[in-house]
Amino acid sequence: MATAPPPPSNPLSFPPATFQKLAPKTFLERHLQSTPATRPSGRGPDTFRIPSLHTNSLSHAHGSAVVRTGDTAVVCGVRGEVLSLAVGTGGRIVVLRSGEDGRRENEEGEGDEIRERALVVTNLEMGTGCTRDYHPGPPTDFAQAVTARLHRLLLANKLIPSKSLRILDPNTEEIKAYWVLYIDVIVISLDGNVLDAAWASILAALRSTKLPQAYWDQDTEGVVCYPEVSRYKPLGIKGLAFTASFAVIDLGAEKGGKVILSDPDEFEEGVCEERVMVCALEGERVGWIEKGGGVGQVAEVVECVHRATERFKVWEQLFAKVLGSSG
Amino acid sequence: MADGSAQYTDGPTTLLASINGPIEVKPRDEIPLEAYLEITIRPSAGVTSVREKHLEALLRSAISPLIIRTVHPRTLLQITLQIIQHEQVSVAHTLHTLLASAVVVVVLALVDAGVPMKGMLAAAFVEEANRSAAHVFGYAVTGGGGGPGEGLVFVESDGAFDEKEFVEASEIGRKKCLEVGELMKDWIRGKVGRDMKYRLK
Amino acid sequence: MPRELDPTINEKSFILDALNQKLRIDGRDLNSFRELELNFGDDYGLADVRLGKTRVLARVSAEVVKPFTDRPFEGIFTITTELGPMASPAFEPGRQTEQEVLLSRLIEKAIRRSNALDTESLCIVAGQKCWQIRADVHFLSHDGALVDASCIAVVAALQHFRRPDVSVEGEKVTIHTMTERVPVPLSILHVPICVTFSFYLDGEVCLVDATLQEEQLRQGDMTITLNKFGELCQIAKAGGLAINALNLLRCAKVALVKVGEITATVQRRLEEDAAVRVRRDNLLESKADNERA
């Protein structure tokens, strides 16, 4: 709040916190018009919050991660459960769509197998009291929309090799069962931009996930896991992808035009209608762009792509430090 | 018996949108200076799932900048989109094609309902030739053409691409949107012509 | 939430006076339906019914599930109805009104409980796998007679629907794609049709296919469900004006005629649609009842 303009010398003056509540938009605009442009949080328009990451903090999940950016903190847990293709009491009936023969040679269409069989279940939950607007009850539309986005990101980026989720009959190499990954994200504290933090936590949790080695036992007609922890195997997540979210505010043509705010916090998200989200991939490529909420130009999106590429490197370094190069 | 509606068929996709508003708003949703926008998407078969909520959020971000909500403060603007049929064959891009059609049909319904808007939004689906990426672009089109209200409102891109490919795709998207915009204007002209026949001698 | 606008006092007295002289404001006879328009979608199992300004869409879909443990030899058939703001702003999304509960129960009784669909034919492997047939009813525009229109939509969609063929080979059940094997129609045992009567002026005037305005002014109503053979499936009269028992017989006679007409229209439209499909997809040689080489 250090850069709040001094109130004019008339009897009606407020402390900055009151000003922020009364006229949030003007409050943000005044901040951005100062030189250099500074946000209420003290960050520059293109400054992201510094992320921190811990993995395997939950002892009963197969993989977990805690990610914190500023006052937004999320925890993600991954649990694997066995889905047997032979359903029913006798465990005999296998349902196949024509064209499938229970065996898959090709490694293509990884995302499709996971999508068709629904092998990944994503869920995002707002922790009690994580934000001022928290209401207990069923998931809000906002939480559901974020869940759907995370799920789409996961499938679209094809990070999980379906091979590591298959459980085979060791004799015939036939797929008898699958691992289903239940990915639960809980938002502990919400101060804007939940998507970036939630996505990073999912990725870190998946990279730290180790599943027991399982095989199909013909005698008992069931899936058997080796109990030794030393035989647990990682999923073999391929590649990296990181999202970067932006909020855009229009100050008007004469006052500096549009300002793109990286990694918006709760207050900024409440004021700015226009949003951009970019998912950066390795090799300066882009996996996903989402923009909406305001009339803009392509150049604006391109600027966001640049910032997202820079942000990717920050996450990449953090992941390398915490998870090691092996992932 | 809605205040405005539109039905749109594009190949295998048929959508029906209806608008009610401005109507009474629930006290919980009331906004002091603006109309509250409620968007409901109903799937053709089955119950509303997370997928529909996601689509609702995308649709909201696409159309809300075009609606002048301050004209009817403390009211409700209710948008219902019924998916009548939508191709399920290629799973990968169903959301994109659905989204592009949804934007068009909702904007037409908004016009039919006489909701005050800054301009119309036209959307188009663009796919890379090698199917590596798919984009949906939404451009605002206004009556006069080339006004300050025109510009990129909405992007939803998926796949793997780089900056150059994106800029190229956005240019194709812009051209397609302008074509779609012209079609939409024609439909509206035709509709107004029919509705106002009694006035034109 | 906004309520449906009630007719004004002037409208009310005008409509009731006219009814007293056996006249309806849209010029119809007391015993005549509005023109029934029935269209089918590109996909199988999509029926779009228009009755004047009332428009109802029914969508039938199928998936393979495990049957209920107490009924291992039967498939599952469900009908879902949800009145949304599209039909009228008076309907809130996600909250059931009393009208909606009554409506969904009426349709449920008319179609599901009258065994219109042979659920035993949906069994694939007893106790293990069966088809679940789901009919979703969408109300697109509400101008009265929702029960009658949705019943027509559901039975038309059920007759129009084709499910993928399956083959059972030992322990494996294979679902064949629509292009690989000719999809199979559902086994429909009979076609129930609902006719709703509205009563006015202490039961002296009785009419069919009431518009929304007429429904708002009626003193009582009764729904009779019959099939074209004159077999009675249900009679529903939930409160309202008490009517003379003889009136019921008169209504049943009218209903029988109406059911005949409606069944014929549905049948004609189904045949027309089939003809269009044959021409479009060149299906002649792959028809299921053709001799197989």
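Order of writing sets the chain letters: A, B and C. Residues in each chain are counted from 1.
By definition in this document, a contact is a pair of C-beta atoms (placed from the backbone, for glycine too) under 8 Å apart; a residue touches a chain by one contact, two chains touch by 3 or more.
Labels paired with UniProt names: A = Ribosomal RNA-processing protein 43; B = Exoribonuclease phosphorolytic domain-containing protein; C = Exosome complex component RRP45.
Quick caveat, the model's predicted, so the values are computed rather than measured.
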item: Relative to chain C, chain with the most remote C-alpha centre; value: A
item: Core chain by centroid distance, with centroids computed from Cα atoms only; value: B
item: Where chain B and chain C are represented by their mean Cα positions, the distance between them in whole Å; value: 31
item: Chain centre separation in whole Å, for chain C relative to chain A (CA means); value: 45
item: Gap in Å, rounded to a whole number, between the CA centres of chain B and chain A; value: 27
item: Footprint of chain B on chain C - complex, ascending; value: 1-2, 41-43, 46, 48, 53, 57, 59-61, 80, 82, 84-89, 93, 134, 136, 138, 140-143, 212
item: Touching residues on chain A, where the partner in the complex is chain B; value: 112, 115-116, 141-142, 144-145, 147-149, 151-152, 156, 273-276, 281, 284-298, 300-302, 305-306
item: Of all residues in chain B, those that touch chain C in their complex; value: 1-2, 5, 12, 14, 16, 18, 20, 23-24, 26, 40, 42, 44-47, 78, 80, 82, 84-85
item: Residue numbers on chain B that touch chain A, as the complex places them; value: 50-51, 53-54, 56-58, 60-62, 64-65, 91, 95, 118, 135, 138, 140, 149-163, 166-167, 170
